Amino acid sequence: MMELRIAADIVEAENQKHGEAHDADYAALGEHLSRRNIDIDVVAKKVSEFFVAVPSWGVGTGGTRFARFPGKGEPRGIFDKLDDCAVINQLTSATPNVSLHIPWDKEDPKALKAHASALGLGFDAMNSNTFSDAPDQPHSYKYGSLSHADAATRRQAVDHNIECIEIGTALGSKALTVWVGDGSNFPGQSNFTKSFERYLSGMAEIYKALPDDWRIFSEHKMYEPAFYSTVVQDWGTNYLIANTLGEKAFCLVDLGHHAPNTNIEMIVARLIQFGKLGGFHFNDSKYGDDDLDAGSIDPYRLFLVFNELVDADHRGVKGFHPAHMIDQSHNVTDPIESLISSANEIRRAYAQALLVDRMALDGFQQDNDALMASDTLKRAYRTDVEPILAEVRRRAGGAIDPVATYRASGYRAKVAAERPESKGGSGGII
Amino acid sequence: MMELRIAADIVEAENQKHGEAHDADYAALGEHLSRRNIDIDVVAKKVSEFFVAVPSWGVGTGGTRFARFPGKGEPRGIFDKLDDCAVINQLTSATPNVSLHIPWDKEDPKALKAHASALGLGFDAMNSNTFSDAPDQPHSYKYGSLSHADAATRRQAVDHNIECIEIGTALGSKALTVWVGDGSNFPGQSNFTKSFERYLSGMAEIYKALPDDWRIFSEHKMYEPAFYSTVVQDWGTNYLIANTLGEKAFCLVDLGHHAPNTNIEMIVARLIQFGKLGGFHFNDSKYGDDDLDAGSIDPYRLFLVFNELVDADHRGVKGFHPAHMIDQSHNVTDPIESLISSANEIRRAYAQALLVDRMALDGFQQDNDALMASDTLKRAYRTDVEPILAEVRRRAGGAIDPVATYRASGYRAKVAAERPESKGGSGGII
Amino acid sequence: MMELRIAADIVEAENQKHGEAHDADYAALGEHLSRRNIDIDVVAKKVSEFFVAVPSWGVGTGGTRFARFPGKGEPRGIFDKLDDCAVINQLTSATPNVSLHIPWDKEDPKALKAHASALGLGFDAMNSNTFSDAPDQPHSYKYGSLSHADAATRRQAVDHNIECIEIGTALGSKALTVWVGDGSNFPGQSNFTKSFERYLSGMAEIYKALPDDWRIFSEHKMYEPAFYSTVVQDWGTNYLIANTLGEKAFCLVDLGHHAPNTNIEMIVARLIQFGKLGGFHFNDSKYGDDDLDAGSIDPYRLFLVFNELVDADHRGVKGFHPAHMIDQSHNVTDPIESLISSANEIRRAYAQALLVDRMALDGFQQDNDALMASDTLKRAYRTDVEPILAEVRRRAGGAIDPVATYRASGYRAKVAAERPESKGGSGGII
Amino acid sequence: MMELRIAADIVEAENQKHGEAHDADYAALGEHLSRRNIDIDVVAKKVSEFFVAVPSWGVGTGGTRFARFPGKGEPRGIFDKLDDCAVINQLTSATPNVSLHIPWDKEDPKALKAHASALGLGFDAMNSNTFSDAPDQPHSYKYGSLSHADAATRRQAVDHNIECIEIGTALGSKALTVWVGDGSNFPGQSNFTKSFERYLSGMAEIYKALPDDWRIFSEHKMYEPAFYSTVVQDWGTNYLIANTLGEKAFCLVDLGHHAPNTNIEMIVARLIQFGKLGGFHFNDSKYGDDDLDAGSIDPYRLFLVFNELVDADHRGVKGFHPAHMIDQSHNVTDPIESLISSANEIRRAYAQALLVDRMALDGFQQDNDALMASDTLKRAYRTDVEPILAEVRRRAGGAIDPVATYRASGYRAKVAAERPESKGGSGGII
């Protein structure tokens, strides 16, 4: 029996409230889509099979280098975090897996697994941390980790990643995500080539420790925390890494880790074409790695990314199963609400991409009919698929309006009463 | 009797084809909106009163400095251009006014006015040109126009603008849009302060020539054709211009003229707040002043701009009547199709913005409920308002599916037979 | 008698080491400049009269939201910070004033003043903090400060700024710098217009509390910590603030607070022209508000900013006395070394700008001789003025090679022995 | 006997004028460098062996899509262009090779070779053109060339490139540079994957036609002329191309073809590390592909690129011989002067990079002494190496002050009398 963090009758009562309007909307959309020769239930079924992992760190309030302003009922540790993640999955039915971060979530694997199982949760990719120093860590990552000039520091970083694999193996995870902040703040501070050689050498050691059925994801980022150069700065470097390491190595695309104006969906297409797309860290951004809620700033961009994924399916790309994860910083919202909303937005983009008339699109592309090609995408995109998303949630035991249901449940007040207040204060600047 | 460039029965026949599905969509949307306490006909009426001007130069195929690839049936001059503009307005009912560009469109004003009237068209803001040299022009604008170091060149630029006002007065226009490409390609090439003083002095002379019921719009742009500095580079400088000149002077916002990542809707809000928003040049862009079709790249951004306009209406801002114009470069599409589509996209953003529940939004803003505030905008945005747009077109004699109707009409083939082929070749590079 | 934190004989010994080479370099440069009709001693004198303030927070190791990696001997409080600042000024003779940050540096003003005086230091602009919550603060700034929707929070922020003025008055400061992080992370979260109205109203109250001989500087920033919109987002808004408040209100330009590709020197010119340039926060950046060491990334840009300042002097702009401050985050260097180096780089840019042949430049600008105008700036810029900087330092009792001298002094090891180790750990993210 | 376009005695007379000051500067610099243990003559010799190719199209005045403002004496064709190139090489001794553009420079190869030889010039990489339509070309490149959906258009583009190889072979060139503008202006217009497959397939055919001792350079560019997506959009895609094609295929880096804020020198390092750096198109830029004069906007960035090249030499990278070419658009200067100046700036960056104390730098990097590592680069960079550049020019028969000498020669007036005036007018926009 799965433990429910929100009582089933609360969900039921809320669904009752919205049920009639929802039924009308779903029926109307079904009729509209049938006029476009689309079977709404086929779409709904596909959407119901799409999942995105939630990051354990995402259920805590995030911050900037200037400050962190905690909310009420902040999770005290990974067990609380799993509880919060279970709420998200209960209401959305879209997030059955949690992505852990070591050492932040380091606990007895058996206890972790038991707690997660009881909540109906599993474990997605493991995340290592070599961008900050854990207490009592012998070597500091101030000047890098896998690419550090000092061999002992590199060794420590390699060992930490191997430990993450071991923990993940115990938990049933099948992938390791490696993001390092290594880089430099001054021209000349590091030698680009030597740093990257050291990075590749360290990654090769980690790769050797990878079980046969695991994948390793390297993640690129243009800048931050390093502000002049970053060792894994873009998808070009990321591709070189995956290609150098071997067939279990793939590139992870975080939507916020690119240069201004970058055409991200094209990078996605390239990585698919060359067999190296590992998956995503979903979020949205306007300036840099803003880690805002998925779809909140440029929802059409998110749709265009999913358009590539559905197109790859449509073209029958072999062995293509990207990992979908959220990676956001919830600074001004209740993190549970943001993750509920973001999971929906991600499914929304997927549902919209499923509506694209690909046969027509192929024809317009072949004929250089740019306007109608664009219109074919826009027509799918502007379809309001919320009734499909809601229906999928309801059918899986989730909520038609999950944020309203969450609020109605009083979950946040309940945990706020149990969990002591968290400290805020300045961020990294002092 | 208005001359129709596309026979009414063609439009009628096409509308018949789409009529049934459209009626069903409109009815379903009406029911959905009524569940949200919105009267679809009230929205439709507002949309039907929203117009956007078409630029005369937009009906010709655009190009880049590398090449221009003309299409078939390119307009030979302003009379052909007006014919093309009439097609757009006939099918969309959204573009009754044309914005002229002098000297490109310089013809006998009486003849112009008669031709336009017969087509049911009027004239929007006049556009001067001091970014290229007209044949036989005594002084070159190679090194600037209104800000040129040489007084005679400045005089010529001032006189040209005054001539534009005179032509516009004869045509019934009520505004002059001034965009200059003045700037520099090298640090040191021009003195920022002296250049701007000269610009302001020239604009003051033009301002003096402005009839009482006219407005003058200055347009800023970050770069291009100047690549190191631009005299009117951003809205800050633009505001200083409008503020220095006087109460008939306003700032024009072209959506593509900003730095990467700029929050354009906030600039719109600031200019409204300080009484200086003159209007828009609508288009879309991904990199620079790409002049792509409105809403084709980032439709949510376009919505957010309209959200500010509707919010200003909602707040009852006095004397607020921004001028809406399209300014795009149609390099790979039939320009008529792009302008039809863009006019629709602009109305779409407006219609979506009308659906925002502003009472709820105010409450969420007051309560710092960021998630629900965002959701309130998204809920309006994701509503598929195409049935409203189509209904408004149909009611005004336009087309339910204007691009399909345009294609069915054979207009392009007809004018291609009449108008000689246009030359392409290299752009500005050689 | 001024207390020296580094023994005079250490400086002397180091200067001896470098003296001969320096003398030769200075003589050679003097001869070279005299061939260009420039008197090296006139330049040296002007440089010796140029100062830049050091921020108290800059002598601590900075960090990012991901981590802070402290160095050895981190200052424990403002008294230690003043000691560190004194070292910088002793070796560079360029930084006699310190800019304080309240509440971080809140101590008994008398004690502060006495400590500073003994070290030969004075106080520059005061900085308020409403971007993070101080312990026991009744109202949180999570959702803004001066622009907050809640009146009590705004009142608290106003009062805090007034307190900063009072403390500054006691210390002999003459300016208040106001930077707020207020903004939003989601479209819709805040109403741009209402937020800005509230901000202006709060600033007006602070302005009223300003002594007659004080100035108030508002600082704009494109983004961070808010990632969708920022209330004071650019110089356009900043100008509106200064213009609305009155003649004691000025705009502060932080070199890292602009959109990508922005021509910052042109903003400087515009603010000078309209009488509203208050001063600078110097630093360098490649991506966002990276807060890197001044001149480390794009030294020519720094020169071009100073070119505007020297040009304004050359044109005899009235009442022009911008405040020069450093604002950097020293994440991977000894902060004292970075500040020494940065003060030198700032003086370097000034010295280079003094070498511009402005008569020739005026002529080239008048003649549109872009190449020679550019070359005139480049010729000044590429002159290696280090001998002038070194000579100015030496004559004022500072070091020919200040970083080497600092290292030779053993200051860092000494304070590391006295000051307990500082904690690092994660930044704002958790 | 080489034909001189500028009489030797004019050069001689000008060199006399500047000789004394130059000798003093050179001597002083030599002494200064010897104090840094650098032999000035060793540096001078290396600089004298560094060459950069001039583009034939660069000696004509460039323009933008808005306008082209021609100068006096514009070259009428490739023979005039070679004359102009000869002037640049005569005065700088840095540009013995010219890079041709087909079909613009298509003439009888024998006549071309004879003309060039007489002027002491050779031929660098050939450039194909599939970004504009040549008159009477059967298939248009409006919707792409090598990636076009239509096979016949692709065939035409392949054949054109093969023809470029044939012409180049006749001329003694050893490389083909392929830049295509292929891309799209609308999401959906083209299928990213299929387009790139077609591109790769076309390039493979061209590659097969490559003589054994030739190299092929593919050039990436973020955007323009396509404004939504570009087939070869960044170095990641460019690497995939070179890697797919084979060992004669390399990536060309144009300094202006990157996303805002990109760390270009790091891309250079990566391509060197993976054996795929083919060479450069040098220029400078502030916003996009501005094609401004090399070193005019961010000279430190140019230095950092050369720092990577010299570092690669220092590390003894095998088979490393990148091709150096200028690619600029001279819109407001005499193109000959801009190319003279740019060749000097490029050599300047090289000379500065030669001065870096690499042993010290290695040590600072190993020790994570970021400040001193940065200072080591800055120390080299801020050395005014103009005396070395001038000396190298003089020793090779060039001019101490080449722009002044060019002006003194009256070359422009002479060719203006011979060559008819060129037309300006609008660029690509209409």
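Letters A, B, C and D name the chains as they come in the text, with residue numbers starting at 1 for each one.
Here is the rule we go by: contacts are C-beta pairs under 8 Å (C-beta built on N, C-alpha and C of every residue); 3 or more make two chains touch, one makes a residue touch a chain.
Chain identities (UniProt): A, B, C, D = L-rhamnose isomerase/sugar isomerase.
Here the structure is a predicted model, which is why all the values come from computation and not from measurement.
The most distant chain from chain D is A, comparing centres defined as mean Cα coordinates. Of the two chain pairs shown, B-D and A-B, the one joined by more C-beta contacts is B-D.
A straight line joining the Cα centres of chain B and chain C is 42 Å long.
If each chain is reduced to the centroid of its CA atoms, chain A and chain B end up 39 Å from each other. Residue positions 142-143, 184-187, 189, 222-223, 228, 260-261, 263, 286-287, 293, 296-297, 300, 332-333, 368, 370-371, 374 of chain B each touch two or more of the other chains.
Partner chain C is touched in their complex by these residues of chain B: 142-143, 149, 184-194, 196-197, 222-223, 228-230, 233-237, 239-240, 258-263, 265-267, 269-270, 272-274, 300, 304, 307-308, 311-312, 315, 361-362, 364-368, 370-371, 373-374, 376-377. Residues of chain A that touch chain B in their complex: 21, 24-25, 28, 31-32, 35, 260-261, 263, 286-287, 293, 295-301, 332-334, 337-338, 341, 348, 368, 370-372, 374-375, 378, 381-384, 386, 403.
Only residues 57, 60, 62-69, 104, 131-133, 135, 140-143, 181, 184-187, 189, 222-225, 227-228, 260, 285-288, 290-293, 296-297, 329, 331-333, 424-430 of chain D touch chain B when the two sit together in their complex.
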